[in-house]
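Chain IDs A, B, C, D, E and F follow the sequence of writing; residue 1 opens each chain.
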Amino acid sequence: MRIFVILPILRNEVFEDITRRELEVAKRKDTEIYVVSLDEGPASIESAYDEELAAPWILERVKEAEDKGFDAIIIDCMGDPALHAAREIVNIPVIGPCQASLSIASMICDRFSVITVLDRLLPLFRRKIREYGFEDKLSSVRSVEVPVLELEKKREEVKARLLSEAKKALEVDGAEAIILGCTGMVGMAKELQENLKVPVIDPAVASIKMAEILVDMGISQSKRGYPKPPEKLRIL
Amino acid sequence: MRIFVILPILRNEVFEDITRRELEVAKRKDTEIYVVSLDEGPASIESAYDEELAAPWILERVKEAEDKGFDAIIIDCMGDPALHAAREIVNIPVIGPCQASLSIASMICDRFSVITVLDRLLPLFRRKIREYGFEDKLSSVRSVEVPVLELEKKREEVKARLLSEAKKALEVDGAEAIILGCTGMVGMAKELQENLKVPVIDPAVASIKMAEILVDMGISQSKRGYPKPPEKLRIL
Amino acid sequence: MRIFVILPILRNEVFEDITRRELEVAKRKDTEIYVVSLDEGPASIESAYDEELAAPWILERVKEAEDKGFDAIIIDCMGDPALHAAREIVNIPVIGPCQASLSIASMICDRFSVITVLDRLLPLFRRKIREYGFEDKLSSVRSVEVPVLELEKKREEVKARLLSEAKKALEVDGAEAIILGCTGMVGMAKELQENLKVPVIDPAVASIKMAEILVDMGISQSKRGYPKPPEKLRIL
Amino acid sequence: MRIFVILPILRNEVFEDITRRELEVAKRKDTEIYVVSLDEGPASIESAYDEELAAPWILERVKEAEDKGFDAIIIDCMGDPALHAAREIVNIPVIGPCQASLSIASMICDRFSVITVLDRLLPLFRRKIREYGFEDKLSSVRSVEVPVLELEKKREEVKARLLSEAKKALEVDGAEAIILGCTGMVGMAKELQENLKVPVIDPAVASIKMAEILVDMGISQSKRGYPKPPEKLRIL
Amino acid sequence: MRIFVILPILRNEVFEDITRRELEVAKRKDTEIYVVSLDEGPASIESAYDEELAAPWILERVKEAEDKGFDAIIIDCMGDPALHAAREIVNIPVIGPCQASLSIASMICDRFSVITVLDRLLPLFRRKIREYGFEDKLSSVRSVEVPVLELEKKREEVKARLLSEAKKALEVDGAEAIILGCTGMVGMAKELQENLKVPVIDPAVASIKMAEILVDMGISQSKRGYPKPPEKLRIL
Amino acid sequence: MRIFVILPILRNEVFEDITRRELEVAKRKDTEIYVVSLDEGPASIESAYDEELAAPWILERVKEAEDKGFDAIIIDCMGDPALHAAREIVNIPVIGPCQASLSIASMICDRFSVITVLDRLLPLFRRKIREYGFEDKLSSVRSVEVPVLELEKKREEVKARLLSEAKKALEVDGAEAIILGCTGMVGMAKELQENLKVPVIDPAVASIKMAEILVDMGISQSKRGYPKPPEKLRIL
């Protein structure tokens, strides 16, 4: 199976490399992944504004993936930018890491917390999680207050803050599991899980896994929920 | 007060004219409105895909409005495209017709139906209304099955179908009021209201009115809910 | 446009004056407001009991307003006493400050707190806000613990407590905007907003604004939701 | 135990007699009931307007009940008029038939329908049931379209319509049990239950039973939820 | 009336005696109660695992009760083990203390807390209360951290912890009433209520009272919600 | 990876064979499945009663699976019997087909219908889906009215009824996808999906897939949500 992973940010070797490396570990042997980023759009996604600026270029990549015969698409950002639109324009499954993580978290506990990069993203997560219908299971959204583009550089600091915020999520907010709130945190789940003794979900990994099983099952987004857009003039 | 009205579709004289004409009637005497459309983007908005393709160009217009000293902005499409992002990048109030209509409808009844252009938009409306937190008041979403760009040409047919769908919304779905589900239906509410004897909300008019009172009250979107995006490289 | 404002408490010159003065500032130039209070009923409204004792006399005023040709009615108390009944007996729009504030708050943020006069009113607000369907957006209800009739006398104390409770609402409860929880706090929003840097909604002002736009739009409460009461013997 | 039953309508011998007769059957041997109606107020309760006009006089009766040493109070109307206010002003339990019926219905099924007197009451019931937090269990509200004051005269017609509406509630709306939607239907549950083979709840009977057990258990409305109104001038 | 009380744990004289003694006080004079425990199953119920191991033996007792002509059945454990199954196999009412307590609590306040034996039961209570549809009224679940089988021995300690946890429920969590979260706490409500000045519900007592009134009213679980299981081979 | 599949019914070669055969097709190459049924319990599961009678024997199998070093457990019945208890007693992931199907369905649409074997199971599904927190996405539950043990014999009839009920779910109830409501329908999804042109989820397949990815991700049920039961005397 061939999965097309769109990093919805401006070309960024550090992120591409780490994403490729971690997803190579996470994927099944018979899965091939292909990681791309954008030529236009924002350097990182930390606002609804960034999501909107990335969207048209994500959607071009989405079409490209189907044209090239890929089996599934991951929009590899926790904001799930352009997810609904992408599902309209192709028939192969399109996965957003946020929704995939919520979906899997529902299998292992009743209440979870999301720990993301910046406080400024808290209202976005609350809106998104409400739209997806998982708000009753959300204990809290917290952040490490480190921008996306500094995640790699400040890796140890990020891990320390993840641990301390996750502990507050468990002790104060009543969470039973943790969802990492940025796909840039890929690879940080395992150690955190060992420290916390509760499940920690890596959204990039959750996406690959969800893509693999939707392909296995031969199902994709319902065209009753995501009908093909009508033909018309569209200028980009 | 000066209100900037963004028709988030490719330049379209018919729509601009009718929007201007109807909003001139709807607005207060001391309100000036300025209607613009887009140079890039889709010819009409009838999918999440169209919304995403319009978004970056809407956001350019949004910045222009604040730069030019307007007091409020309306994104004049019932899908409220780019609404959250727009609220992040400016301080003046940004209004979406869908949210404004739901908000006003909540003042006059407990259950309302939305009647939009195409069946394919029903899932989008349900997602949007759920995200806004008004799903418990939604009796139904129905459509007249006429594309946006044919609304003017088929005006009589549209009015007839609006009437018959609205009657079903009242009798079958238990609605107490009707929200027109496309800003292209501007100017059709009054006659429908007279026929139905229940309130009918015109979303374009609702937006102008909501813009006027937010400006009057000196309030705008909370920057705690819509913080300014951080500076970074963004290529469009 | 002529708006009839019912202060649903025993004649009280201080409150009538301050209400008139502040609403004169808030209203549009072409709006006339007419403020009345009651000859029977409670001296102030601080319980469901007070609301019920005021209701019959409010309803007499409501009929008087329609008979005299007013365009809209405001029941100027944050408990929205007799609101549903009033909407049944007249065709012109009847506005309650609580519902109007919730409705407008929904346009500018996802989560708000109400700060009212007395702790004893907290359960009433929670019931009311749940009945109106806005409970998911309510961060908290807090109070300044000053009775309605002392609001004017203790104006500086009230403002100080509003500020400190509002800060807790933002920092502890996660509110993004503040709604003043008593129409007797009229005129205190602006300064608070400047201090807090988040929107603060004055419910009396919200009511005038909502009345103005419902009249502009030619809509009123749906008679499917608020049908006329049948004729029968009623002794007061 | 002595229970004070307030028929919140103008003195009406027919209703007093039938209520007394049926409650005598429903009550325990060691329970005494005392049925009173009002000297002021509406002839029947079929609107929020009627509820508000009855409220002050209900509240006088409520105080009288506590003064005379009764153990519990029932406001014997399915609209639960003045219920919250009544609970504030006394310490003995005050029961509303609507809330008591919903509470008991929750013990025997997951989904129930209410069948009331008039279509015009449907929005009132939906508001009330939502306020009480039972909306997820409500299959439907239906009516027999017979005014309260004709219930006795048209008894056979009412029973026939109850049966046909209840059948629709079961077959079309998915109800598992039926709640009679007017205390004037007292005495009609048993036959209906035999015909339908599902539980039918008589709200007047439900109220007596709930009053008896609250007294037995030594519990009453929480004064944290229903604090005593502060002393002040109140003119009726 | 004869009520069959199943203590769903291994024969335990201490618990049987205390249950009998307290229920003798709680029941009406004309009610006979018959308390039994199990020959197989767990020594106490403190997990979903215990609930499942007790279930088949509870269900045997349930059939026995109907066969012997009892009027109602109480499964006397706050986890309501085997409740739905029991309602399917008999026609007489089957009551679970958790559901009965929630139902009665809804009559006296809007928000309550449950205080149970062990922290490990908190997620079970949250799942159960959500399944019953009362999650919006739940302020919190807290525990005294004393195992069921030590409740009697540590009676004074349990009462002290109940008091301190209940105070936190009122002050920190906003509860208006308290539900004891284990039927082994039978007899502890009264003193706690006197100390707290808010209603305290004893679930064993709530169950007896609810059983009495369902029998009085001649209603039982709806067979539309709890249909009889089909005949088939079942080996235990 | 080795997955232990518990058919929670009395030994039944037909079901074991078909389950093995279809799961062999559904599983990954590197997954081994081991299908067992029960020596005690019910011949099939078509009621809460059946679920409770199966539970203790399921739980024995669950322990056996962990003892034998399996990586995950599936309780292969759409009622998810004993799921919560099973998750308490082992550390390896335990999957219920109902929850797994709901979780995956949430990735591909906003509204789905479940089509099960018997009408009598409809209330059970509604309770279960509510408990799991997916009730807002449930369009309807429908049935083919064929008992579990006749599914194989009446295979063509079942497929015809599945098709006609599914069409009603799409057209009348507004579903966007279909979930087969019995693991005995294993193998029927593909043809139905081809006929309907919407995704059809096979719950047995969904369970295998979910088990595979939980194992891949190294996560299991949170022990904060499903703590180990305390040691105590338990007699079966």
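As a convention for this text, a residue touches a chain if its C-beta (ideal position, glycine included) is under 8 Å from a C-beta of that chain, and two chains touch if they have at least 3 such contacts.
Since the structure is predicted, the reported quantities are computational estimates derived from the model, not experimental observations.
Looking at subunit A and subunit F, the chains that touch each of them are B, E.
Here the chain-to-chain distance from subunit B to subunit C, counted in touching steps, is 1.
With contact taken as defined at the outset, subunit C and subunit F are each touched by A, B, D, E. Centroid distances from subunit C, each centroid being the mean of CA atoms, peak for F. Between subunit E and subunit F, the centres computed from C-alpha atoms are 30 Å apart.
Centre to centre, using the average C-alpha position, subunit B and subunit E are separated by 52 Å.
Averaging C-alpha coordinates per chain places the centre of subunit C 44 Å away from that of subunit E.
Along subunit D, residues 110-111, 123, 127, 130, 133, 136, 176, 224-225 each make contact with two or more other chains. Pairwise, the chains that touch each other are A-B, A-C, A-E, A-F, B-C, B-D, B-F, C-D, C-E, D-E, D-F, E-F. Across the interface of their complex, subunit C is touched by residues 10, 39-44, 46-53, 55-56, 59, 82, 84-85, 87-89, 118, 120, 123-124, 127, 130-131, 133, 147, 149, 224-227, 229-230, 232-236 of subunit D. Interface residues of subunit A facing subunit C in the complex, by the touch rule stated above, are 123, 126-127, 130, 135.
Across the interface of their complex, subunit A is touched by residues 26, 28-30, 93, 95, 99-100, 102-104, 106-111, 132-134, 136-137, 170, 175-177, 190, 193, 197-202, 205-206, 209-210, 212-214, 216-225 of subunit F. Within the complex, the subunit C residues that touch subunit A are 110-111, 136, 176.
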